[in-house]
Each structure stands twice: as C-alpha cells, then as structure tokens.
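Got some structures for you, see below.
Two complexes are shown next, each including subunit A; its partner changes from subunit B in the first to subunit C in the second.
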Partner chain A sequence: MATLKLKGISKIYDNKTKLKAVSDFNLDVEDEEFIVFVGPSGCGKSTTLRMIAGLEEISEGEFLIDGKRMNEVPPKDRDIAMVFQNYALYPHLTVFDNMAFGLKMRKVPKKEIEKRVKEVAAILDLEPYLNRKPKALSGGQRQRVALGRAIARDAKIFLMDEPLSNLDSKLRVQMRTEIIKLHNRLKPTTIYVTHDQTEAMTMATRIVIMKDGVIQQIGTPKEVYDAPANVFVGGFIGSPAMNFFTGVYQSGSIQIGEKTIPLPTEFQSILQNYNGEEVFMGIRSEHISNEKNNSVSNDDYIVETQIEVAELTGAEQMIYANLEGQNFVGKIDSAKTVHPGDYINLVFQLKYAHFFDKKTELRIN
Partner chain B sequence: MKKAYLIPIEILGILLALIWLSPFYLMIVNSFKTKKEIFSDTLKPPSTFSFDNYIQAFKELDFLRTFGNSLLITICSLVVIIVFSAMAAYALSRMKSKVATVIFFIFVAAMLIPFQSVMIPLVTIFGKFEMLNRFGIIIMYLGFGTSLSIFLYHGALNSIPKSLDEAATIDGANRFQIFWHIIFPMLKPITVTVAILNTIWIWNDYLLPSLVINQQGMETIPLKMFFFFGEYTKQWHLALAGLTLAIIPVIVGYFIAQREIIKGVSEGAVK
Partner chain C sequence: MRKKDLTYWFFLFPALLALAVVVVAPLVVGVYYSFTDWNGIQVKEYVGFKHYIELFHDKEFINSLWFTTKFSIVSIILINTFGLSLALIVTTKLKTNKILRTIFFMPNLIGGLILGFIWQFIFTKAFASFGSIIGSEKLQGWLSTPETGFWGLVILMSWQMSGYIMVIYVSYLEGVSKELVEAAEIDGANVFQRFWYVVFPLVAPAFTVSLFLTLSNTFKLYDQNLSLTGGGPYNSTQMVAMEIFNTAFSQYNMAYAQAKAVIFFIIVAAIALLQVYLNKKREVEM
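Showing the complex of A and B:
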C-alpha cells in the first residue's frame, strides 16, 4: 500500500510567539502498519494527523509518501481517506451517497461506484440502511458509514481522528475489534489518533506517545509498556497508572523515607552513577500483590501496609495504600476479603521495577 | 374531549383570522362592484357578479406583460441574491482572518442605511452607466438584499461543522464542489427564509421601480397599479380587480410550493 516518512515536522500557528504545537516530529511508517498516536488533549497528535492529511500546512520539515514529497500536494491528491471524530457524514445525503461521494468526485463510472459501495456495505453490515439518511442511524451505524466512506475510496492510507470517542464504552470495544479485523483484512497503512491508552495498546502495531507536541516514545505496545522511556510514558500507558516512589539510591538499595529497600543485583550496575542521588522508582500495580504460597522470591520486598481503599474489579482487587507517605496502587486476588483499615502484607516484585532520573525524568538503563 | 381553557383561545384565533382576512374580503367583494356601488356601501356583497372590472383591469394593466416584468425581476433578483449571499457568507464564515470579520460587519452595518438616503445618488450613478433598466434594478436589489441574506446565511453556516468541508476536501471535492454539493443543500431552510423575505419585498416594491424602470412596457405590477389613481379620480373598482388579479399568481405559487416551503423550514435540524 504505502510508506510514510515524517522528517522533522513542526507546526507553528503563531509566527510572533513561534510556539510549536508540534515540534521536530520524526517517524517512518512501514507499509500495512497500524500506528497509533496517543497522548493527552492538546499534545499535538491531531495536528500531526491533519498535517499528514493536508488539512494543516506543515510549518517545518518534510513529509513523504512512498518517497515523494507531499508538503505542497493538496489533500485530494495524497490518496488518503480520513475518519473524523464527529463522523462528518453529509446529513442531506443517504448512506449510499455518503459512501459514493468520494468516488463521484473522482469521476469513477457509476456502475463501478455502485459495485464498490455495495461491497463495502456488505462488509460493514450496512446493506439495509443504504437509503437512509445519517439522522436515522444509531451512533455505531454512523461510525460504520464513516468507516465505509473511507474504505469505499480504496485509499492507500487511512487516517482516523479519535473515531470511537463519541460511542458508549460497550460499542467502543466492539468497534475497536471491527476496526482491527478490517485492518487485518484490507491492510491499509493506518494512522489512528486517540487519547485512550487502552485503544492504543490493543490496536497498534506501533504506538507514538506524545506530550506538548513532542514525541516521548515510539515502540510496540509491549515495548512502551515494559520499558517506558520516561516518567510520562510510564504514567500514561497502562491502567491503573504506574506507581512512582521518590527515593535515594544507596549502594544496592533504595531509601524511601525511613525504609531501606534492597534492590535485585542487576540494578546495581544500572544505578551505579546515581549513588546518593534521588531517583524515581516506578512499579506497576500488578507487581505489587499479596503474599501467595511459595511465590515470594529473594528479590521481592514485603511490606506491611494499611489499606485505604479496596476496589473489587471482578477478577482482582485494587488496593490503594501508601508507603512512607507516597501513594500507590496494588492488585491482589479477589478471593481475599479485605476492608479499608486492614493491615496487609504486600509483595513488591522489584525485578520489574523501573528507575528514572529525578531531573530529566528519563529512564535509567 | 376538548379542554375548556382552549375554547377562548380558539375564539380569539378565529377572530384574529377574520381580522386578517377582512382586507381580502373588501378587496374581492368590491372588485365586482361598480364605482358608484363601492361608495354607497363598501361592506355589502355586490348586487350582480360581473367580470367587467377584471376584463378592463386586465387590459389597462397590460396584465400579462406587467406580470411578466414583476416575475422576471423578482426571480432574477432572488436567484442572484441567494447565490451571491450564500457564497459570500460561506467564504466569510470559513475565513478566520480579521479582514473577513470586518467585511462581515460592513455588510451587517449596511442594513442600517435607510434606502431614501442613498436613492438619489444611486439613480444618478446608474443613470450615467445607462443602467436604469431591468438589469440595473436586479443589480440594485442584489445590493440591497445581500446584507440581511448574508447575515442569515452566516449564522447558519457557523453551525455547520468545518469537518464536513474537510471530509469533502479529502473526498476530492474542490471549494465550489464542496459548496454546491455539501454546504448549499444543507442551507435549504435558510434559503427558503431568504427567498420568502426577498420575494415579499421585491414583489411589492414601488419606490425603486418607480425611480429606475418607470417607462412604458417595463413597469411592474405595483407601478402600473398607480394608473388607477389619478390626480382627480380614483378608479377603485378597477384597482381592486387589478389587485386581486395580481395576488392570484402569488397565492397559487404558494400553494404549489407550500409543501416544499414547510419541508424546507422544518428540515432545519443540521446535526
């Protein structure tokens, strides 16, 4: 289908302030990839997508599709299809005409249009609604029409700007699966924008995490989850967010408040330059759990703590507690009955800990 | 069962309708009377129904030609007002520059200028360009009609999300195609409003045509109607017959377009 290359892309809205909405964005997208841009609101992910689409001018840098410079190419000639957050269906046209519009504008023969629209409608279960107007459709159906409009075009690149954010949570999960299935089937190069890290984790072949217009990390869902590049990524990816403790590293152990926690030996070489310095220790909630039979290893650290809040989510329970005044969340079996105020021994599986520089907030490797 | 409190409202409604319709009654009833009969008793029905007044009025008004003039001027003015206002409002609503805002406010401010204050220089200028004819008056109506129309269109356009323009851009449409295929059809309710307001005004206008096209063969209905009101005699019987003739096409037109008009107005929900 297509490869994309973004070289040092920046977006400056106001030439006086020179404030960059997107700054030095570099990314190579391989053919058939499903890239997800994720980040909090205002981080520049939609702006980047709109620059790729050609709806926003690129202030600095170069954008290439299949090796050809696209900066000055109008959107219609970039061979892209886009799904918008509010669907952007043409309200006065029927579902059929909505899906056929792009083809009509490209002067595709009528018979061909009819064939293609019907094929797409069949894929998306939209056949019974072809003569309806968008007003007469449910949210999920409208979303499918918006997808259908993009698919019918048979474009090389699909751009999706938070396409699921207007749907209720159940439908969102369902549509998420449908989009993944569609991608597996049609294999277009896709760029998907969302602020929902779960969507990013479940859909992406690679995730681009952004903050304040700057890329924080690019990697597969597993990479960004297992080895976050900085404190922001650690806190943003994963639910609940990663727990962070501030402590002082002291030859082989970390001092958090009054407690001295011995670290597994592999961290000694990593942290050798930080002796006597404050660092952030990050640990995910699934690595803080209750004592299970024979499951405690030498690297683990057991601490008795008082439960502040316990939330049963079904298969597991979230435990909100604090260690030396620093709040954290742990996960324990749902089988264990606990109440707020109870004391419980929690096991910190320190071999899964992450360390970050206190000043730069970057990962210490 | 009808609720008791509705009865006074209904009576009031019927009374208002009667008051509203009373001029029509007077016009139609008196159009069948002789001049003498009108002055002896205005309210009573005519003693004999004769279409003589109508035939005479039809001839004296040169009705077909006059009606044709009115129709031509109204329709042409309407088309240019709608096309230009909608396109201008679209451009102004989508451009986010200060210039666009200033231009928009100039248009809105123009609504406040009384026609009487500009009519003499206007006619002088148009006279110099030899445009005191039907074409000239259409241009004038465009000038006077666009302010309000742009204002109305602009409001409606602001509620149409920009993502529709963007979706159409990506679908391969150019600015004109986006406007004609996507935006303009969505403006139908406003177009109907603009059309009604301007039709009423242009169809009934007397002052502007009297200044611009007051020549044999070019007159509109309101102009020609004044031939029945001489300095010394007022031919009410003919005038009323002429007026009845003049409103018949409008009423017929309304009934034909009624469904479309109501549909247009009620389809206003732009989602």
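Showing the complex of A and C:
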C-alpha cells in the first residue's frame, strides 16, 4: 500500500547545543513490511516515529511516502493511523464513536461509517462493547479499540508506539499474535516501536535497533540475532543477553586469563589482523551447555566451572558461573540436578562465537 | 464509623464553630429579623410577611434585581469566553507563557474599590480624550447614561475576573492528555475540531467551577459598583447588594433590608444549586 523512505533524518531539540535526539536516520521501508524500532528508552525510536507521523518536526533530512516529500505535510494528510502507548481513546465518546471519529473528520458518509466500524468491531470481537465508554473496558479491550480506530481508518501506514507496554504479560503475548494476524490479513505498511526485544524478534519482518539516536543495525530478526553488528546489538537482542569475554587473539586461539582456547579454523582468516590484540568474544548462553552424549565436536571447548547460581526456568536451567573471573550464563537441560557450588563441565560451542573489535565494538567479519 | 471518632470531631470543631458563628447564626437571626420591625437595635413587634409583600412592589428593588441579572448574564458569558481564550493562549507553546499568566491574573490583586476608581478615570477621562482625538461621540460621557454605566461595569468585571477564571481553565486544559489531541490530529481533525470534539468536552468540569464562581461574584458585586458608578445615574446601575445596603444604612430600614437580603440569598442559592446540578450531570467522569 505504501513505501517509506527516510533520508538522513535528524532531530535537534535545542538549537544552541545542537544535541541530536535522532541522528542521520536512513531507512527504506517496502510495501507491506512490518518494521520494528527497538532500543532502550531514550534511544530516539519514538521521536523517529513521531517525525514519521508528523507530530514532530523533522530538523534535518527528507521523509518520503510513495516517493512524495512529506516533511511539510500535516499529519492528517499523510494517510497514517497511529496507536498510542496509553491508547489515547476519547474518554467522553463510546467505543463506536471512538472508532468512527477519524471517518467523521474525513466526512465519510454516515452509512459507510457504520458499515466500516461494524466490520472492524467484528474482526476485533468488540461488537458487544460498541456503546460503552472506554472506562468501562478492560486494558486489553481498550487496546483493541485503539487498534480498531486505526484499522477503521483504512490508512496506508500504521504507526504503533509501544502499544502493548501497558498490558500484563499474558495479554501482551496474546495481543502480539493478534497484531501479527491483523497485519497478515490487512497488510498495511507498519512501523512498530518497542523496547522489548522479544516483541521485536517475534513481530518484525525487519528490525531497526537504535541507541542514543543512532541506528545500530537493520536486519531481519534472524540476521540481527545470528550476526549482531556490534557489542550493543549482541547484548540487546536475545534473552538472556549474550555473554562477552575479553581475551587476546593469538594465532588460532584466544587467551582468556590463564586459559588458551583453540578456535575453530574458520576464525583464523577472520581474525588474522588481530594477532596479539585484545578482542571481545561473544557467545550466547544456549551455546554454553552441559555435555550430552556424542554431541561434543572438535570445535567445542570443555571447561570445568563452579556453579554460582542455578535458575530453573522449566525446560532449561540457567547456570551462572565465571570463566577466569569473567561472568557468564549458560543453559543446561533441566533433567540434570545441580546445586550452587557444584562443579560441572560446560561445553562452549565455539563455532557459534562472535568476535568484536575491543575499541570500536564492531563485529569482526 | 469515623464520625464516632473523637479526634474527627476535635479537628472539625474549630471550622464548624467558625461557620456557625459567622455564617449560620447571622443567617438564622437575619431571617428572624425580616419578620419583625427591627430597627438595628431592638425588636418591638412581629410583622409577619409585611416586608416580603412590600418588597415585591418596590420598584427600586425590582429594578436593581433586573439590572443585576442582566449584568450577571452578560458578565458570565464574557468572563468565561475571555477566561477560556486566555487559558488557550497561555497553554500553547509560547515562550512568554509564564509572564502572560501573571499579567492576566494581576487585576485580581487590586482591590475592587481601587479598580473601580481606576476604571472610572479610564472611562470618563481617557475615553473622552481618545474620543475627541479620533472624533468619536460614542466615547464621550461614559458612565453618565444607564447604558454606558452598564457596559462600564461589565468591562470592569470582565477585565478583573477573566484572569482568575483563566487559572481554573488552565489547570483543566493541562489535564487533557497531549496524546488525545495528537490522536485527533492524526485522525484528521483540524484545530477547531480538535478543540470542539476533544478538548472542550474534557474541560467541561471546569465550567461547573467557573460558572459558579463568576455567578456568585457578579451577583453579589458591591465594591466595584460603589466606586465605579455609585449606582448612578439615578440609581439606574444600582445592583441588589448596593440596594440592600442603601436600604439598611441610608434609609435605616433594617428589617426591610433583611427581608430583601433573604430573597437575594434564596435566588442566588437556587441558581447556584441548579447550575451545579446541571453541570454535574453532563460532566465526563474520567
């Protein structure tokens, strides 16, 4: 329905300090994409969304919808619908009127409004509540009304600003699926802002990871998970966070404290310029596990460590331990009974390791 | 349950006592006097409804009541319109917001009597001078006719109270979530529609407060009336409060003045209660 193009977008709030809340943001959004902006609070993701909506002026750069410059176009003429964090439902209007508001403002004929609102209400199971005021609805229902208001408008572009952050975790998961289903059905170009990396991973066709107003990486969930562009992305995407070890690369192995760990051969060419230099080695906790029968390969490194804390999460157990004084988290299956203080052999599947430059924190490819 | 609590009554006592001594007791005694021939010192006999029957034929009282009503209606409309407009101005992103709020509120810091004299000077001297410069007859002789006296009072009152009412509207306007206005903006509402369909219904509770305040303030106005027009010309701008005062302290007709005061009280109370009731009914509960 619509493509978006953000060219070198920046946001400067204070002209004296020239501090950029968003800096040189470049992104091309394809039709029907579901883009998620993710990052810690204050990273500029909401500001970017608000610039796309037209609620915030664009200080620098150019923003295009379907190839047309939008910088000076007011929000109502951008053909966007937005879902706000606190729902932003009109408290004095009924559910029906809330959903019909945008259509009324656009002078859609009454019959057409009624038809559209009823259709949307049916999609979202809101039919029994059409005559209620928002305060008589539960959080999940309010969220659905907010979505319904956006859908009824039939806009080209959907913007969502942390729409699920006010819901409890169970409802959040449920609404997440509902939003994905809706997107699959209606296929509007969507930009979704969240600070929750799980939401980003599960919903997005592409993720934009931001920090301090700067894009860290753009990619599909799999890309950013499997090949994080820098230490920040590696630590932000995935739960628990990626483990990082500082070590010195030395011809085919990495020296971490007293231990010399031989690396799989494929890393030799990647790390050839780093001989004798300190690097970060990142490895996710699912790649640090206990010995299983016949599962250990030549590339793996086995180390005996003392368990500091063991957390049972259900099917798995998180093992908190340290390697040469550097803390890490591993995952073992829950069948094995362990206690804090126990010694255990943990297998580091080094072929899944990531290496980052110590100074720039960028991924070494 | 709490009402049985000794501490509850202990802390409530001073306020109740003050209320009883300065409000309730005088009211009760006043109602009693209105049925007697009280002369300010002693009561000789009980006269029943004599004063009440008399005051409904009292042209001066009826006129003052009518004048006060007209004045209140016009003032309430103007004060609330200006108050809300000022509030809308000072809740925008203007840099001078804080200063403007102070400036708009300042007329309230000047006492009513002094305000009246200041405006008397403006109406009679400044208006006249300005009028002769631009050659306008309409600006001459203000306060010397019933019409200019009426509008003089209205202007003075609006000027004084708009800033005060503005403060009330400001607090309600700032309570309207910015997200709602933004949602309406994205929904395609223009500035006027955003105000009319979203902001206006949400500041409705402010009308209850503001209308009541302006109503009670305009209806019982005395000092501005005294200093600006003194009720003149020919008592044509005399409001009820002043009429009652004159009955009591110029004509020394104490008991009769009491009867007028009771009627005055009933009218104000009735209007105020009705208006609060009506406004409460349409308020949006958040």
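Definition applied: the second predicted complex is superposed on the first by the 365 of 365 C-alpha atoms of A that agree within 3 Å, B and C clash if a C-alpha of one lies under 4 Å from a C-alpha of the other, contacts with A are read in each partner's own complex, and residues count from 1 in each chain.
Just so it is clear, a contact is a pair of C-beta atoms (placed from the backbone, for glycine too) under 8 Å apart; a residue touches a chain by one contact, two chains touch by 3 or more.
Remember, it's a predicted structure, so these values are computed and weren't measured experimentally.
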When subunit B and subunit C are modelled together on subunit A, clash or fit: clash
Contacts of A:P109 with subunit B and subunit C, given as first, second, both or neither: neither
A:G325 touches, of subunit B and subunit C: first, second, both or neither? neither
Which superposed partner A:G314 touches (first subunit B, second subunit C, both, neither): neither
Partner chain(s) touched by A:I80 [first = subunit B, second = subunit C, both, neither]: both
Set of subunit A residues, in rising order, touched by both subunit B and subunit C: 53-55, 74-76, 80-82, 84-86, 88, 90-92, 101-102, 105-106, 135, 149, 153
Complex contacts: residues of subunit C adjacent to subunit A: 177, 179-180, 182-190, 193, 197-198, 201-202, 284-286
Sites on subunit B touched by subunit A in the complex: 161, 163-164, 166-174, 177, 181-182, 185-186, 188, 269-271
Subunit A - residues contacting subunit C, complex: 53-55, 74-76, 80-82, 84-86, 88, 90-92, 101-102, 105-106, 135, 149, 153
Residues of subunit A defined as touching subunit B within the complex: 53-55, 74-76, 80-82, 84-86, 88, 90-92, 101-102, 105-106, 134-135, 149, 153
